[in-house]
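The structure under discussion appears below in the form of structure tokens.
As written, the chain order gives the labels A, B and C, with residue 1 at the start of each chain.
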Amino acid sequence: MENKRKYVIPGDVITTGPYRPEQNVILDGNKIISTTIGISEIFDDSIKVIPLTGKYIPKIDDLVIGKVISHTSLSWELDINSCYVGFLPAQDVFGRDFSAHADELTSKLKSGDLVAARIANFDRTRDPLVTIADRDLGKIDSGELVKISPSKVPRLIGKRGSMIQMIEIATGAAVTIGQNGWIVISAETPEGLLKAKKAIQMVDEKAHVANLTDQVKEMLESKGES
Amino acid sequence: MGGRDTTLVLLDENGIRCDGRKVDEPRRIMIKAGGLKNADGSAYIEFGDNKILVGVFGPRDVHPKHMSNTDTGILRVRYHMEPFSVTERKNPAPSRREIEISKVIKEALEPAVMLEKFPRTAVDVFIEVLQADGGTRCAALSAASVALADAGIPMRDMVAACAAGKAADTIILDVNNEEDQAGQADMPIGYMPSLEKITLLQLDGILSPAEYKKCVETGIHGCKIVYELQKKALTDKYFGNGEK
Amino acid sequence: MTSTTVIDDLKKSQILELLEQGKRVDGRALDEPRKLVIEVNAIPKANGSARVRLGDSEVVCGVKIQPDRPFPDMGDKGIFICTAELLPLSHPTVETGPPGPDVIELARVVDRGIRESHMIDLSQLVIEKNKSVVGVFVDNVVVDYDGNLFDACAYAATAALLSSKSPKWEMKNDVPTLVEGGESDVPITTIPVSVTMGKIGNHIIVDPNGDEWDSMDARITITTDSNGNICALQKGGTGGFSFDEVIKCGELSVKVGSKIREKLKQAKEGE
């Protein structure tokens, strides 16, 4: 109990005893074993591992950044940096009176376009259904796409948004974070863009470090070299 | 290839092997996690003179679609040798040997990976042997396990691998190319150290029941040495210059 | 092979926008190739080898030298064969199986650059005329992809050949037999260097990276030899070049090529 947080890899026995196994751990006899690379945490009677790598697994209501990769006459397919392709039906964009004959899908979205989307539905049996019909969703017209490991998104957001707010305020950039690890940065100045990019890459590389907020802050406050 | 060196002494009077090792000593092993930019996970291993690169993609969409399984993700493994990896230039087309090794490595990894969380997907493991020197399948399996962990594929345990064998009537750890050619037995072993399960086991050669037992024990001992290096490779990549 | 990748439109317009200001996405000058790292003898068991990283494109090349039968009409010349393969671990879109047209073109362009420069003096690789000659097999495998594989493979092949040691054979009882201690350098007459340039809008850029490769309208690969002569060329892509552009590309290939040639020489000397 004295050592609550530990760095673990798959197969590492985190502890033995009457604990409840939660995310990314399995129970083998009385051994609790990590199934991924990450940081183990013991809370009261439960154990979980916060992963440091791995693909994005869609969750309903998640905001994601997607890239249009193809379309049929009825829907678009989005790369959402996941094990599954995001499925965006034409009705979501054209409305209920969509007609496959009259409406040309490429008039609204074509391959290579980036969109901010929300996961509308997902289960084990079919590909995730996404929607862009909401405020703040839809085609992204400006900014730069940056990719980080999806497992590090919570760290980038920080406690109640503290990390990302700090980055936005210091750089004057507007950052849209997809839970899938794809991030779009728009900034007033090229310097602000560079600095915001650097800060985000720093979080990606050093997510396991305890005083990360201080390190990012120091970098953001430093002048000149970037 | 070519005539065997009949003058080769596999084990001298002091118990030293033809490459200077003791009977229970593995060759030099170096493992690095990561290194490839496009792969979801990767690893590089040097095991003696073997040099092997592994890249992992997935879980991802399955092509062709009919191979996908609606209940679970599937694991696909390709073991491939470069034309320049062996003494005589190898034909680039896959050989029967490469196809069999791909299969045994896949089946050695399957008990470890947990793909039931990703129905209709595939995880692809691509093993590229840049230089071969006996024991490639064990080195490849050990590196593949590191690459899978690097890709974040959920795993019940790592799989570490090492061969044991018999040469000059003695059970030896980590059979090299000369010992494989001129020795009496070669037994590659893949092992999950925490779950204490053997997931790859083959044997070429003749062993008494007592030697058989000793050989398995020796091989597992080798797997545990490899496991520590796998662990170090992943720790260096993910927890390097951070405080414990 | 990357025809199935879709570059995001924002990146594409950013690349063009920057070029209008004379800048590139990764901060390079228009005529500046990426960082080139060459490690020779990476595969000690091969007769020669190199591991080359051009930006984030990486190639391992191994040379195997062994006796072979000559081609029927070329009994007084050794054999030179150069291949290139994209390994499936180099990019998510690469599939196993027979190579597609892009990869076949890649292998042929790399082969032609070396062959047409007469880099290797094949007339010195004859064991017995019309019967047995020395074959030099140069196999390139791509392990990581970030655009411009033409140059990455060509530099790997050239570096590997420069570092190669050829065994020696003599005919004994009509069989080529290895002569102990007869190792020597492969007979090299010149050092060919290819320079690949992309055209985006009206801009010519040297050594396009992956994003630039996916954005460009046309490309041209020009190989020059140690004397600064042009010895092989391949135009590709759906766009075209004007006369002036083709001449400019020729000049660029000589200028950039001479710097790369120095790097290849240094890599051999530092082996």
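The rule is short, and it goes like this: contacts are C-beta pairs under 8 Å (C-beta built on N, C-alpha and C of every residue); 3 or more make two chains touch, one makes a residue touch a chain.
This is a predicted model, so every value here is computed, not measured.
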Chain pair, A-C or A-B, that carries the greater number of C-beta contacts: A-B
Far-end chain from chain A, centres as C-alpha averages: C
Inter-centroid spacing, chain B versus chain A (mean Cα positions, whole Å): 34
Geometric centre distance via CA averages, chain C-chain A, whole Å: 39
Shared interface positions of chain B, touching two or more other chains: 60
Multi-chain contact residues (two or more partners), chain A: none
Interfacial residue positions of chain C with respect to chain A in the complex: 6-12, 14
Residues of chain C defined as touching chain B within the complex: 42-46, 49, 56, 58, 60, 62-64, 66, 83, 85, 87-92, 95-96, 137, 139, 141, 143-146
Touching residues (chain side chain B, partner chain C) in the complex: 36-39, 42, 49, 51, 53-55, 57, 60, 63, 78, 80, 82-89, 92, 124, 126, 128, 130-133
Residues on chain A engaged by chain B in the complex (per definition of touch): 7, 9-13, 24, 26, 28, 31, 33, 35-37, 51-55, 57, 83-85, 124-125, 151, 206, 208-210
In the complex, chain B residues that touch chain A: 40-41, 58-61, 70, 73, 112, 114, 117-121, 149-158, 192-195, 231, 234-235, 238-239, 242-244
